[in-house]
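Have a look at these structures, which come just after this line.
Look for subunit A in each of the two complexes below; its partner is subunit B in the first and subunit C in the second.
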Partner chain A sequence: MSDMSIKGRPHPASVIGTGFTWVSAAAVAAVCFFIIGYLIYQGWGAINWTFLTTDPQASLMAEQAGGIRVPIVGTAVLVLGSILVALPLAIGAAIYLSEYMADDSWFTRSVRLGLEVLASVPSVVFGVFGLSVFTLAIFQDLSSGGAQGADTAFGRSFIVASIVMGIHILPFIIKVAEEAIRSVPASLRQGALALGMTKWRTIRRVVLPSAAPGIVTAAVLGMGLAAGDTAIVWLTLGGSINMAVDNWWNPSQWVEVLRGTGSTLTTYVYFNSPAGEGNAPGMAFGAALVLILLVLVFNVVAVYVGRRAAKAGKR
Partner chain B sequence: MNETFITADPNETFSMLEGMLNASAPRVRSTDVAPVFQIRGLDASYGSKKVLHDVSFDVPEKRITAFIGPSGCGKSTVLRCFNRMNDEISGFRSDGTIQLADQDIRGKGVNVTALRRVVGMVFQQPNPFPMSIYDNISLAVREHGGHVPRAKLDAIVEKALRQASLWDEVRDNLKDSALSLSGGQQQRLCIARALAVNPSVIMLDEPCASLDPISTARIEELLLELSTDYTIIIVTHNMAQAKRISDRVAFFLMGRLVEMGDALQVFEAPKRTETSEYVRGAFG
Partner chain C sequence: MTDPEDTTPETPPLHATAIDLKDTAGRRGSDRVMPILLAAAAIISAGLVAFVVFFVADKAWPTFVAEGHKFITHGGWDQQVEGGLSGAATIFFGAKPLILGTLYTTAGAVLVSLVLGLGCAIYIAELAPAWIRRPLESVVQLLAGIPSVVFGLVGLAVVVPFIGNVILPANAADVVSDIPLEGASMLAGILVLSFMIMPFFVTVATDSLRAIPRSYVDGGLALGMTRWRTITRIQLPSAAPGLVAGLTLAAARGIGEAIALSMVAGAIAYVPNMNAGPLYFLLMPVRTMASAIVEIGGEAMNIPQVGSALFALAFLLLMISVVLSVIARWAFTMFNRRMGVVGGRRV
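Here is the complex of A and B:
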């Protein structure tokens, strides 16, 4: 009988390889948990109801430094503003890219190249660009405050920041939205066309509703991105912590608020970090924790919406 | 699984099965009627690959015409020429004329969406929209009819579902998603959807390919009923099906129309050897 022995040790290389992958994954998870843990440890103490609902006060004493209500509202305003700028453009572009574009013309390739370039521009470059554009005199209405001359605008405001941020998040939203539209089965389009529906109506009534959950995911991811950016905000929203007007919650003041400077959670964190002028690290960590939770919520919602859509499609 | 099988009246099931077994003789209905489609010299190619060569024939009105032939012979391509769905495929070219009721379908002034209303299509895989049963049917109706009052829309939806033999099964669940229906029901929904816009021709591309025998029998019965009011063109791989329901048969092979004639003649006394071999099952 030939040798049919089946005993033996696993090959050392495969043990080491498997072990290495396990250790890598564990290390990544450990780093994540460490960061979150450290933030919680440092920032939890600063968070209380007062912290979340009072405006920041300029003060050398930590107890009197106020809260983060303005930055929270600022983040909300900026996220909303940038999605209003980006979403219609993104959906339109995504539809064009997936439904209308012929695959090989020079125009097609230029558009795709342009998007790739846009996606890789660092946000601080967007900030500088935005600042230089929006300080041109014709944009005076978009920002107020500072030394307004006849030939320059201040160039920093919620409006300006929303526009620049909108452009920054545009390529990400387009990419995800285009995926969502492309993944609508061709058979649905064929069915609609065969019934005598025009291409545009097919897109509007059949393709877009089917792709809606994916587009919502794209929007939510974009909002998360907008909430987390610092460079654009610091440069185009101004370095101030508070809103331009005192009673900013009053609707009649909202145009002035939008034309004025302010802060978001990201710039607040920077301002109060040891690198900024505020030097209140406890507050910075508190704000950082709130920010992380916010971005986490955005991502969870995006995943949840995406999963529900996948399930509905398979039913 | 097809739940209609389980809940169907056993007598009905038996008589359907009996009908299937007995349907060895082709139908007999005169096809000497005015043609609704006249095709002359149709050539077609995808890019550099030529798929149709000089195809010419007539499709009789209010009869069932079956296109048969092995895979890749061009029968689906011909079908898609009739409603110009091939226009959507880049690289597609065609020559020759196709006349629908004496109108050149590629003539000047022809509105493709109007053509596709008159010439409806049902696909091999059921493709209902991910919407309610009601919306699936009403969507194209509203597209062609503009603003249709609710009561009239309800009536159109009901009529289409009755014609497609689906009304009794869904009348209480019109708001349910179309995707919750079984395969056979979805295909009947697609037929109802095509009927709702009031076409004159209904084309079906292997509509029963993915269905079980009971659903297939129901759809065949449905097509027989519909053929009194509509011109039906069906592409089928299933020769027994062609024998069961068609009045006229066109046999395609490698992009050419080899033979066309009354179903009785094509199956019992084919004129060409290729037809005879295919019908016997020697290939394909």
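Here is the complex of A and C:
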């Protein structure tokens, strides 16, 4: 009570403290806006139709470095591939965690601990892990490009990268999806059960449809994570900037494309940054701007779907 | 529930026994099979981590057996890797500079994000008017979503030149002679990393501050405390376990960050020293464990010794991450218990 302001003036500690919180909030916002503004400033000039629709070329001359069509396609393939790997497992695990498991059993606790630890594994560890697992000879069919007759597989391909990335994003998707399933009101379940529906039928016909927007949010957040990661892609998709197959747009080549190396927007940026081999900063900024727009779209979609779900829940 | 099937009563009419029996059997079947499938999904998801740990430990084993404690107490990583890649017969690896580089950088970034992030969290949770709070929360979310390679790129284009041209003294080469100092340094790494991990701390800290019952604050205000004093004396101490959890999660992020740090922190396995004072300490280059893995991970995996050394790094990273996530979990449990939630989940 010693700091009560008798004269009705704010106490100095309050003013300094409040001012500090204001400054730090402003600093965080400023850094965020600066990063995006700087990307637009540096990257906008590089973006035009040719940049978006031509393939990258390995060249030291910026004019001949081509565009980012392959990285854009690569990001799309990888994001779809990893969500295909992760989503079925994630939904299954989320349903089991929220609908079937007692909250305080040792089994529940160990599954939750496992998922938390999985979420904390750095993506670079997943990268080396994946590369080593998928260079085992039994996985030879998942990647092409190894030496003839070698007793190991090449270990780098869209399939491999999708599987590894799928494992990386899995715990995050489970967490959000579980939250969504848990937030379905118990009264809906009770109503369905009272009508004589079995437990699984209740989940499939009542719980999952209500939780669907939340599950979509989870998937979109996971896709955003997959689109933004570099370390896994760099290690398990290869450090190249082009596809392994030249005429990759031809459907007859698509299996080979999936088994081959490639690039995504993140590895393209890494490769062309002043720290990488390509060193075409203008291109890197253009690609980074496209990447950040993509991540923004994922975020906005996730928030929008989440809000709609919240509104629907209130009704 | 527009589906007519759902409203069908479960007791079958007598004349349709065959069909209904089949139907019921099917339902019973799915009710028996689905829990098993779902449990399998949960067990596989959680069990993957055991597989990852086992696999990484197995690959790292040769290095730990051959080198023992020397792996973490000796240096010389860069030359050793070069030797390994060019086919030297016997190589010895010392990762001390990488481990110290990782610890220094992460500690610095955690410190910066504790100070700035706490201010930001207090502002969002307690002081900001709604029209600032909501956009500010979106901004924090957006910051969390910016890919690390973009942080690296902007850091390389802005922070590194700034440090090189403005902060680095002109006579740096005379003061520190054993290593060339440039803008790419531990300081650049700390600055970039702090803004990468800050959003995770801010999010958790904001939630923790909000979870404190309003009556605590009202009690303080009723006793005549100022608003600021209720924050520092009541809310922050009550939220402390939550803040610890957030900080731990942020630290885990920092430990594992590879790309951005390999771009801005100098990428030289060097042990920074205080010989020339704290400023020069910060201006020395470092290479972190995670960035060492991503920088040489591709080609080096084919050379067993180098590959095993990289896996030894990965194993150390993994162990640190596991410890940090267990600490975070423990802190969350403490916080929930303090907030009166036991065994259940806080909403």
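Throughout what follows, the second predicted complex is superposed on the first by the 304 of 315 C-alpha atoms of A that agree within 3 Å, B and C clash if a C-alpha of one lies under 4 Å from a C-alpha of the other, contacts with A are read in each partner's own complex, and residues count from 1 in each chain.
Methods note: a contact is a pair of C-beta atoms (placed from the backbone, for glycine too) under 8 Å apart; a residue touches a chain by one contact, two chains touch by 3 or more.
Remember, predicted model here, so these are calculated numbers, not experimental data.
When both complexes are overlaid on chain A, the residue A:Gly224 reaches subunit C alone and has no touch with subunit B. Contacts of A:Ser187 after superposition on the shared chain: subunit B is touched, whereas subunit C is not. Partner contacting the larger number of subunit A residues, of subunit B and subunit C: C.
Applying the stated contact rule after C-alpha superposition, one finds that A:Val290 touches neither subunit B nor subunit C.
When the shared chain is aligned, subunit B and subunit C each come close enough to touch A:Leu195. Contacts of A:Pro281 after superposition on the shared chain: subunit C is touched, whereas subunit B is not.
Of the two partner chains, neither subunit B nor subunit C is touched by A:Ile47. Of the two partner chains placed around the shared chain by superposition, subunit B and subunit C are both touched by A:Arg205.
By the document's definition of touching, of the two partners only subunit C reaches A:Gly239; subunit B does not. Counting contacts by the rule stated earlier, residues 192, 195-198, 201, 205-206 of subunit A appear in both its interface with subunit B and its interface with subunit C.
The part of subunit A that touches subunit B in the complex is made up of residues 102, 185, 187-188, 190-198, 201, 205-206, 209-210, 312-313, 315. Interface residues of subunit A, counted against subunit C in their complex, comprise 1, 3-5, 10-11, 13-14, 17-18, 20-25, 27-29, 31-33, 35-36, 38-39, 42, 88-93, 95-97, 100-101, 103-104, 110-129, 131-133, 135, 155-156, 167, 170-171, 174, 182, 192, 195-201, 203, 205-206, 224, 227-231, 234-235, 238-239, 266-267, 269-270, 273-275, 281, 284-285, 288, 291-292, 295-296, 298-299, 303. Against subunit A, in their complex, subunit C makes its touches with residues 1, 3, 6-7, 9-10, 27-28, 30-31, 34-35, 37-50, 52, 55-56, 59, 115-120, 122-124, 127-128, 136, 138-143, 145-154, 156-158, 195, 198, 202, 223-229, 231-232, 249, 252, 255-259, 262-263, 267, 290, 293-294, 297-298, 301, 307, 310-311, 314, 317-318, 321-322, 324-326, 328-329, 343-345. Here subunit B touches subunit A in the complex through residues 83, 85, 88, 90, 113-117, 120-121, 123, 125, 127-131, 139-140, 143-144, 177, 179-180, 190, 193-194, 197, going by the rule given at the top.
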